[in-house]
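Before I ask anything, here is the structure I am working with.
Letters A, B and C mark the chains as written, and numbering starts fresh at 1 in each.
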Amino acid sequence: MSDTSFTGRLRSFADSDLFYSFRRSRTTVVAAVALTLLFVGAVFAPLIAPHNPFDIANLNLLDSELPPSWLEGGNPAYWLGTDTQARDVLSSILYGLRISLFVGFASVILAAVLGVFLGLLGGFVGGMVDAVIMRVADVLLSFPAILVALLINGVMRGILPANQHESAAILVLVLAIGLTNWVQYARTVRGSTLVERQREYVQAARTIGVGRLRIMLTHILPNVLGPVLVIGTINLGMAVLTEATLSFLGVGMPATQPSLGTLIRVGNEYLFSGIWWVVIFPSATLAVLVLAVNLIGDWLRDALNPKLR
Amino acid sequence: MALLEVENLKVEFPTRRGVLTAVDDVSFSVEQGEILGVVGESGAGKSMTGAAVIGLLEPPGRIGGGQIRLDGKRIDNLSPDEMRRIRGRHIGAVFQDPLTSLNPLFTVGEQLVETIRTHLPMSAAEAKKRAIEWLAEVGIPAPDRRIDQYPHQFSGGMRQRVVIALALCAEPRLIIADEPTTALDVSVQAQIIGLLKRICRERNAAAILVTHDMGVIAETADRVAVMYAGRLAEIGPVARVLKNPSHPYTAGLMGSIPRVGPRPDRLIQIEGSMPRLTDIPGGCAFNPRCPKAFDQCHRVRPELRPVADGAAACLLYDGVTQ
Amino acid sequence: MFVFLVRRLLQAVMVMLAVAFIAFLMFRFLGDPVNNIVSQDATQAQREEVRQRLRLDDPLVVQYGRFVVNAAQGDFGISYRNSRPVSALLAERLPATAELVLVAAVLSLVLGIPLGIYTALRPRGVLSQGLQIMSLIGISLPTFVTGILLILVFSVWLGWLPSFGRGDVVDIGWWSTGFLTASGLKALILPSFMLCLFQLTLIMRLVRAEMLEVLRADYIKFAKARGLKNRAIHFRHALKNTLIPVVTIFGLQLGGLIAFAIITETVFQWPGMGALFIQAVNFTDVPVMAAYLVMVSLIFVVINTSVDLLYNVIDPRLRTDPTRATGRGA
C-alpha cells in the first residue's frame, strides 16, 4: 500500500480487481491484443509500411491490380496486393489506420473537453446558462449523430474556399465529429457537478472565498473523470465509425490522404471488376478496429460499474 | 386424511460455494378447512416452504428431498403441465405486494375472467358474472362498475382484496398466503386478515399463512408452525403455543413482543441473530442463542417430537439426559 | 391530458422554428446567395439587381419570417447545382427514400420481434447464442461494409440481385413506385435488408431484454400461481408489457432509419433524398441542404411528438392520471 514506486504501483495494479477481471475475460484480452497491434501499426506506419503509397514517382504501374501474395499472380513484395494505381494495399491500410485513429482520438478529446466544460459550467452556474445548454443538448440528442456530423461538415465546407477543402479535411472531420458527440459528457458531468455542489467541502471552499473556477477544476473535476473515461472509450468506436462513414460517403478524407473509409469507397468502385482485395482488407481492418474498441469499452464499463462488484 | 401432507421436505440451492439448504427436513400437515400459520424471522425458510408446496421455486432452487402430498397424491414430482393444473384450481396463492401482483395493463375483470375460464368450463358472460360476484364477496363496492377498472385505480387495501378474489376464484381448497398484509397500512391489515379468515371458513378452504407477525397469527390461525434457520422448531395449536411455548426460541419470540398491560414487563431480547444459511451451527441450530442450551445441544440435532398437543424439535423433550 | 397535448405541440413548434432559424442562417450567410445565382462575369449592376430582387437588405427578422412562410409552403428556392426548384428535386426523390424506409422498418419489426421473443424464451438454445454473437458483430460492423458484403455475395458472386438503382418504376400521379414491377421489387431487397439490419438487432436485443425483465415481475409469478397456461402468460401478459417500451423506442429510432438511408442510398446508388443530400454537402448546395434539414427535422418532430402522445394513449396508467404524464425529455 505504501510502495509508491513505479514497480510498486505496477504490482498493485496487477493485483487489483480491474486487472483480474481483465485477465479473466478472454474476449477482452484478445481485443486488447488486436487493438495494440493495430495501434502500433498505425503509429509506426512510416517505419513499418513496406511501401509508401503516396510516393507517386516510385509507383510502378505494371504492378497494379496484383492479387494478394498467396494467390496466383501475386507478388510477395505486395503482401495484400495492389490497387489500380499500383499502390500497396497493406501500406495504404497502415497509413489509413493512422488517419482513422488520429481523427477518432482527436474528435473524442475535443468532444470530451467541450462536454466536460459545458457540463461543469451548466451544473455549477445553473440558471439560464444551464437551461440553454441542456435544451441544446436535448435537441442535438434527438437527431442521429451522422446527420449532425454531415450538417456541420457541410457548413464548414461552405465556409472554407473550395481549394482548401482537401487540406483542411482532417480539421473539418475532427470538428464535425467532436461537435456532435459532446452531449453525453456534458450530461454526466453536469449530474455529478450538481451532486458535488451540495457537498460540504464545496460550501466550505466558497465561504472562504475560493473562486468558482478553482472549485470546479480542483474539486469536482477529479471526481468526474472516471465516467468520462468510460464514455470516451465507448465513444471512440463510434467516432471511428462516423469518420469512416463520412469518408465513405465522399465528404470525409480525400483520396489523396485516405482513411480506411476512403479506401473502402475507392475500392467499392471496382467491386465488379474482380479485385476484391482492395475493398475487403480495409473493411476487415476497420471492422476489427471498431469491434476491439467496443469490446474493451464494454469490459471497462462493466468493470468500473460499482453496482456489479 | 389431511388435505396437505408435507414430509421431510428439503429445499436446496446449488451455489458456487456448495449446496445451501434453505428448508431442512420440514414436516407438517394441514387439515381441510384449517388455517396453519407459519412464523419465523426473515430468511427462516417460510416463504420457500410455501413456494415449494405450490411448485413455484425459482431456479436454481429445487426440492432436494421429501414429499408433498395433496389428498394423498404426490404433487412434488409432477410434470410442469400437471402442476400448472393444480395451481389456481386446487392450490391458490396470495403474495405480499398487491400493486406488483396485478398486471397494470389489464382490467381487474379481464384478469379474473381469464383465471376463471382457465380452470372452470364457462362462457365469457358467465365468467364475468362470476367475477362480479367475487368482487362483491371480497367487499369491493359497486363491483359491476369497478370490474372494468385498472389496478392502479384501486387503493392498496382494495387491490389486495382483488388479489384474494383472484386467488380464490377458481375455487381451490388450499391457499398459501405469503405475508399478505405486510405491504398494507396498519388500519387495512386487520380488514384483510378478517376477510381472508372469513372466506376460508365459508368455503371450508385450508390456508397456510406465512408471516413474521405474531399478532396476525394469534388473530387468525388455528395452529402455528415456528421455523428457524430452515428447520421446524415447534408446531401446535395457536392458543397453547403462544401462552405456553415448548421451544425456547418460541418462548424468546413471545417474550420479545411488546405487551400493554397492568405490569410493564421488560422486553426480552434474544441474544445474537439467526444464522445465515452458510453458517448454520452444528447440532441444534438455535444452540448459540438458547438460554437453556446444554452440552448435547452443540452436537446432536434434535428431531421433531410430540410435546403436549403439538410437537417441538428440542433436546429438552428428546429424552436425552442433560 | 389536454394541457399536456397543447404543451407538447407548442414544444414541437418551437423546435421547428429553431431548426428553421438555423436553416435560414445557412441560406443567407453560407456562401454568397448572389454569387450562386448570377454567372461569373455579371456586372455590378446585374448583381445589384439580383440583390434587390432577393430583398437581401431587408431587416433580418423580416427575411427570416419570409423564409419560414416560404418553407411552410414548400418553397426553398432554386438549387445552386442544377438550377431547378428544390421542392421539385425533393418531390422527385421522396418516393424512393420513402419506400426504402418503409420496407426496412416493417422488416425490422417483422423479423426483430419474433426473434427477440425467441431468444428470451429459449436463452440457452443454439440459435439464441448464434443470434447474440451475430448481433454483437452487427453493431460493430460499419453499415456500409455490410452493404458491400451483401453486394459481393448476392450481386457479384451469385448474381441473383441487382446492386444499384431501383429497377423499373411505375408512376402514379407524382409518386413513382417500385412495388409494382418484378425488377422494382428485386432492387428493393438488398438495400432494404441492409437498412433494416441495425434496427433489427436493436429491436431484437430490446425485446429480449424487456421480456426477460417482465418475466421476472411479480404479476407473472402471480399469473403462474393462478395456473394460467404458458402461452397465456408469455403471449398475453408478458408480451403486452414488453411491447409498449419497444414500440416507443422503435418510433424514436425511426429517425435513425432516415439517417442510415443516406448511407444505403450511397452504397446502392439508390436515387433517394439521402443521395441528394450528400451531393448537396459535397457541392455546398445550400438551398438543398437547408431544405433537407427542415424536412428531416419535421419528420423527426412529428414522429417524436406522435410517439409521446401515443404512449399516453396506450398506457392506461397515464390516461386516467395525467399528472403522471412526463413525455420524452419534457
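Everything that follows uses one rule, which is that a residue touches a chain if its C-beta (ideal position, glycine included) is under 8 Å from a C-beta of that chain, and two chains touch if they have at least 3 such contacts.
Keep in mind that what you see is a predicted model, and the values were worked out from it rather than measured.
Any chain bridging subunit B and subunit C, meaning touching each of them, is missing here; the list is empty. Counting C-beta pairs in contact, the chain pair with the highest total is A-C.
One simple way to say how far apart two chains are is to compare their mean CA positions; for subunit A and subunit B this gives 58 Å.
Chain centres here are Cα averages; for subunit A and subunit C they lie 26 Å apart. Residue ranges of subunit C in contact with subunit B, taken from their complex: 217-219, 221-230, 232, 236-237, 240-241, 244, 315-317, 320-321. The touching residues of subunit C, counted against subunit A in their complex, run 15, 18, 26, 30-31, 137, 139-145, 148-149, 151-152, 155-156, 163, 252, 255-256, 258-260, 262-263, 266-267, 277-278, 280-282, 284, 286, 289, 293, 296-297, 300, 304, 329. Of all the residues in subunit A, the ones that touch subunit C in their complex are 138-139, 142-144, 146-147, 150-151, 153-155, 157-159, 237, 241, 244-245, 248-251, 261, 264, 268, 271-272, 276, 279, 283, 286-287, 290-291, 294. Residues 54, 56, 84-89, 92-93, 95, 97, 100-106, 114-115, 118-119, 150, 152-153, 163, 166-167, 170 of subunit B are the ones that touch subunit C when the two sit in their complex.
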